[in-house]
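Same chain, two partners: chain A is paired with chain B first, then with chain C.
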Partner chain A sequence: MSRIAKEYGDIQKTLASNDPIVNPYQGLIESLNPIDETDLSKWEAIIIGPTHTPYEHYRFRILIDVPSSYPMAPPNIRFDRNNILHCNIKSPTGEICLDILKPEDWTPVWDLLHCVHAIWRLLKEPVYDSPLDVDMGNIIRCGDTGAYQGIIRYFLAERDRNICR
Partner chain B sequence: MSSGGEEDHFNSFDKSDSNSIELYESQNTSEFTIHDLLFPKLTSVTSQESEFDINEDEDGVDIMCDGMLDAPITKSSKRILCEGSVPNLNYECLTTKGIFESMLQRVDHLQPIFAIPSADILILLQHYDWNEERLLEVWTEKMDNLLIDLGLSTVANIKKDSDHTSHSREVEFKNDFTCIICCDNKNTETFALECGHEYCIGCYRHYIKDRLHEGNIITCMDCSLALKNEDIDKVMGHPSSSKLMDSSIKSFVQKHNRNYKWCPFADCKSIIHLRDTSSLPEYTRLHYSPFVKCNSFHRFCFNCGFEVHAPADCKITSAWIKKARKESENLNWVLSHTKECPKCSVNIEKNGGCNHMACSSCKYEFCWICEGPWAPHGKNFFQCTMYKNTEDSISKNAEDVNKTLKKYTFYYRLFNEHEVSAKLDWNLGQTVGTKVHALQERMGISWIDGQFLSESLKVLNEGRTVLKWSFAVAFYSDASHNLTKIFIDNQMLLANAVEFLSELLQIKNPEVIMKRRPEFYNKAGYVENRTTALMECGRELLCKGICKVVE
Partner chain C sequence: MGDELHNRLLKQSDGTKDAILYKIIESLVCSICHDYMFVPMMTPCGHNYCYGCLNTWFASNTQKELACPQCRSDIVIIPALNTTLQQYLSFILDRLGSEDDEPFKKLLITKIKEEDDYKLDKEKDTLFEKVFKNSALAVADDSDDGITRCSNCHWELDPDEVEDGNVCPHCNARIRNYAGGHNEFDEEEYSEGELDEIRESMQRPRENRLASANPFANRDNFSSEEDSSTEEELMREHIPQGRWARSHNRSIAVDTSDDEDDEDELEEGEEEMDSDLKDFIEDDDDGDEDGSRRNMVLSALNSRRVIITDDEEEEGQRHITGEEEDHDSDFYEHNDEGFASGDSLDEDRKVVAEVQSSSDSEDRSISYPSSNDVGEKDEHDTEELDDPQPKRQKRFRVVLGDSDDE
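Right after this comes the complex of A and B.
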């Protein structure tokens, strides 16, 4: 477990810095920390929606389970339930389809920051070839980018309206 | 140890009978003499079997049963038909070790062409699924690029980390080394390839161990440089690369499952290799099944991997087994959580992730929803959401379903009874050896003369299996057809004959056995004839389409 403890220290240092060389995640990852300071197996992260995407100006919570076999096995990462709409994410469960998070493609050199960053990249560049949300995949495959983005904007506006209430 | 029997590979048996083993030894040594004395003309057929006996000597228990069951007293052409084996089916029985050794020989042949170390050729072959032709094709096209792609060219990788050029693929001991994987700071052994990505030996071992069973090339954790077998052995401290080769060969067998089949019997590691599969469709058309026998004498169907199932063909067998399993909750789970790969029929469990599935064994890419290939989904994705659940059409007529269920239960009970009986017969088989022994001792009968008992048991076992599977055929046959009635009459005749023979074999008193010896011959011969007749009749039902699987 010393690896995850070390990562915790590094993450705190990195994210606290204002220097873009030390902290390249500024404006991407708002926070990444264990939910409970005493339990390093459950983490949460807040990422900021990439600019020029429907996710811009929105923030998303990511839940991370770090298995005891970490870093030999990948962390288990998902979004909050019904919190995001994306063709590689199953909205009701928040499940993410991303190759580097699969055991066969995972390598122990990657760390939690890498993973969260990769998810941020996924928001920016959806992988249309292997959609997890089939309906969203269909829309984008038809080339109707407008509709795809429109639905996401509507979903997110609706989401925040519900939260305000 | 548990191993399957001739007929009952679904059950495992206690093999504690030390008597039997002892008997087997005496039997085995004398077997050659019978073959030679009684059947000089048959030596070409039987000598091959004798060879197996010698090879498999350590595995005495298995052979004991089969050796007894196999003692060929009458081997006629009719007999071959009766066993359901197909003439001209040329196959060989291999092991993963055997395949790997022949691969090594091929590497030696390829070495002069490639002019790179043998270990590198092995990696190339591994990447191309041991397909020499494809490898040579790509090699002539790409040459050096191929080496870079597969992480064999160290030149390309060293450039990236020019400050770490001193690494020489050796385990080194370092004081105060910080491993970036486990983040421990300690005095430890480390390992790195030429790329200089150095980690502590504990992390490296862990990483390799997790990947040995996947059968793919293992690379450095941070770049594409490949670990060779000797590197793996060096890191692990013992020869572990053989495990990787083993799993690589296993995946090769799985990917070439048209020509290679694992022996389905528990704990049997044999692989049957059928070079020419072109005749298989013809056998299927005639409703013959390609039954094969591995070096441990396990007989199974090359097509469907089940036990010998004549007179039923593979289609009837698989339908029957699926139906039988449907009863259990277990299958319901399998049906809802897993699907067969549309290409290689391996069961795949979907435990998350998207609908873009890639079969781990044959690498076929398909859509989980419609089970169609993935490629066309690139443009037209609509058909999947429109996928209709077939369950709607099932509830057509409740009464009809009920009727089928009754019919099924009726036949399944019969099927099951014979399976149970076959198991009891197996127990009987354990005692036959003792009986022959007793005959030798108390009646002064020679071992050869006592063999009619073993032979009868073999005939009984075969008759029982055929009878068992004939109920599956009966279930799927049109009951109103005249031929079905003839088939059922044939079943009755065989059932009676089998029961009679089974009774005879229950006799314990050696004197009675010897007195009724002619009856053994008669009944065994009769069962044999009835078995053949039932099998032929069943095949006719299938050929004429009277017996077929109705969806």
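Right after this comes the complex of A and C.
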């Protein structure tokens, strides 16, 4: 049985549990599933915006491509297009700048749950020194957190308004 | 004492016993494939993986150092079979197994296959696809020139050059330990005065850069707190990367003056001073007819200048010779201080034999290390930096050992 198939079983067990020791992802990761049950190379996850951030009360969809060389190579992870604003995420493509997802820093002991959790952490704690969205990075590097958060709130409100229409 | 835990275990409830056993079985699962480790290999840092998984991991990126997947530390010596874990698993299989159980049969088949793979590789002496034999180590000898070199060909490993691939640019050997720059700054390496100097020299260029790089930057918005935190970042950014640059024996001032802003500032300073002096001299000259005093001051000025230009030239020369060193392996052959270029090994062999015949480790030098030992020797190589002489001999042995293999 391949590693990803084993992970699938573990993920289902973990996320279904209400025991915080078994499932430490409660309130963080809503779901993590293959898009098509028969194809374990394409996954999607829904994460819940961390509290005390502009992302609170919002949900975000993450798309995961698992290469055939996984777990020796990292999974390819991105957000939905134009779905989030964050200094380490390129909003139009959803591309994420996170060191552990880069081939040179990836290690095979990480699994999909770890990766999704790491992305949730990234929402909570943006990394200002290596911004992928330079404009957002500049705002936060000036110390104007109010503006940074305000833009995100505005963006997310607009996003949901457009979806409702 | 020795049976305290044994006795306690017997008194425990079934729940506790189960928890203990469950934990033990969990420790037999490989963190790479999430399956049982039938051939558990333990890395020098103490983590265990299946032989097959670790092998695939090493082979998955041949441009990379060999790093432990769990703690990322360099795996410079070959991982060893962890027989204790292997025996646990065999014992558990023995007790829990039943022949007619289909999934269990599968487990046994996998076990036999993986054990055979390992045995075959061990017999053929091709463990880990020989990656521990065909690779080199980045070694710096602080008692010598302190420059990080390839243990195979002794080529200088410039962290910038090996950044993209952890491979020796000269002999193409994969380097087992990370040879790129470490962006760490070890304050203990510097005295208090030196640290102040560094801080001062970095403060100015950073401020300039921040202001220019950041369109939103507003001086007033910089809180003092932010300043102090960026200062630390700075250090990491600017200070010679890792051991390599530090060990170049260049003064810190030289290292930091790589920064253009800094250099400009220095030059401006000099010019200002010069013109000030000239003004002073001319004023003086009006009243002094024979101009002897003027000459004196001028000569003093000139000599001062000479010192400055000297410095600059010296620095320039250092750069130039540094470049020449990179390309001229003859340099080492003729100014041999313990370097061996690839094509002078035979000569070196004699030298080593001579040097070592005078030392007490003669037998070791003549019986070249078996290839299995090479990794271990390399390890010693990096550790025993205090004693210059034995170290140098060891380095030769490493070279000989490696060349012997090929």
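Heads up, the rule we're going with is that the second predicted complex is superposed on the first by the 164 of 165 C-alpha atoms of A that agree within 3 Å, B and C clash if a C-alpha of one lies under 4 Å from a C-alpha of the other, contacts with A are read in each partner's own complex, and residues count from 1 in each chain.
Rule of thumb we're sticking to: contacts are C-beta pairs under 8 Å (C-beta built on N, C-alpha and C of every residue); 3 or more make two chains touch, one makes a residue touch a chain.
Keep in mind the model is a prediction, meaning the values are calculated, not measured.
Colleague: With the two complexes overlaid on their shared chain, look at chain A and say whether chain B and chain C clash or fit.
Modeller: clash
Colleague: Contacts for A:V22 in the overlay, against chain B (first) and chain C (second): which applies, first, second, both or neither?
Modeller: In the superposition, A:V22 contacts neither chain B nor chain C.
Colleague: Figure out whether A:E104 sits in contact with chain B (first) or chain C (second), or with both, or with neither.
Modeller: both
Colleague: Applying the touch criterion given at the start, work out whether A:N88 contacts chain B, chain C, both or neither, answering first, second, both or neither.
Modeller: A:N88 contacts chain B only, not chain C.
Colleague: Which holds for A:A157: it touches chain B only (first), chain C only (second), both, or neither?
Modeller: A:A157 contacts neither chain B nor chain C.
Colleague: Quick check for you: in the superposed arrangement, does A:G143 touch first (chain B), second (chain C), both or neither?
Modeller: In the superposition, A:G143 touches chain C alone.
Colleague: Once chain A of both complexes is superposed, is A:I35 in touch with chain B (first), chain C (second), both, or neither?
Modeller: neither
Colleague: Which chain A residues come up in both lists, the one for chain B and the one for chain C?
Modeller: Overlap of chain B and chain C footprints on chain A: residues 3, 6-7, 71-73, 104, 107-109, 129, 138, 141.
Colleague: Could you list, by residue number, the parts of chain A that touch chain C in their complex?
Modeller: These residues of chain A touch chain C: 1, 3, 6-7, 10, 69, 71-73, 103-104, 107-109, 111, 129, 138-139, 141-144.
Colleague: Tell me, which parts of chain C touch chain A in their complex?
Modeller: Per the touch definition, chain C meets chain A at residues 31-35, 53, 56-57, 60-61, 64, 67, 69-70, 72, 214-218, 221-223, 226, 233.
Colleague: Any idea which chain B residues touch chain A in the complex?
Modeller: 180-184, 197, 203, 206-207, 210, 214, 221-222, 352-356, 369, 378-379, 381-382, 384-385
Colleague: Tell me, which parts of chain A touch chain B in their complex?
Modeller: Within the complex, chain A contacts chain B at residues 2-3, 5-7, 71-73, 88, 95, 97, 102, 104, 107-109, 129-132, 134-135, 137-138, 141.
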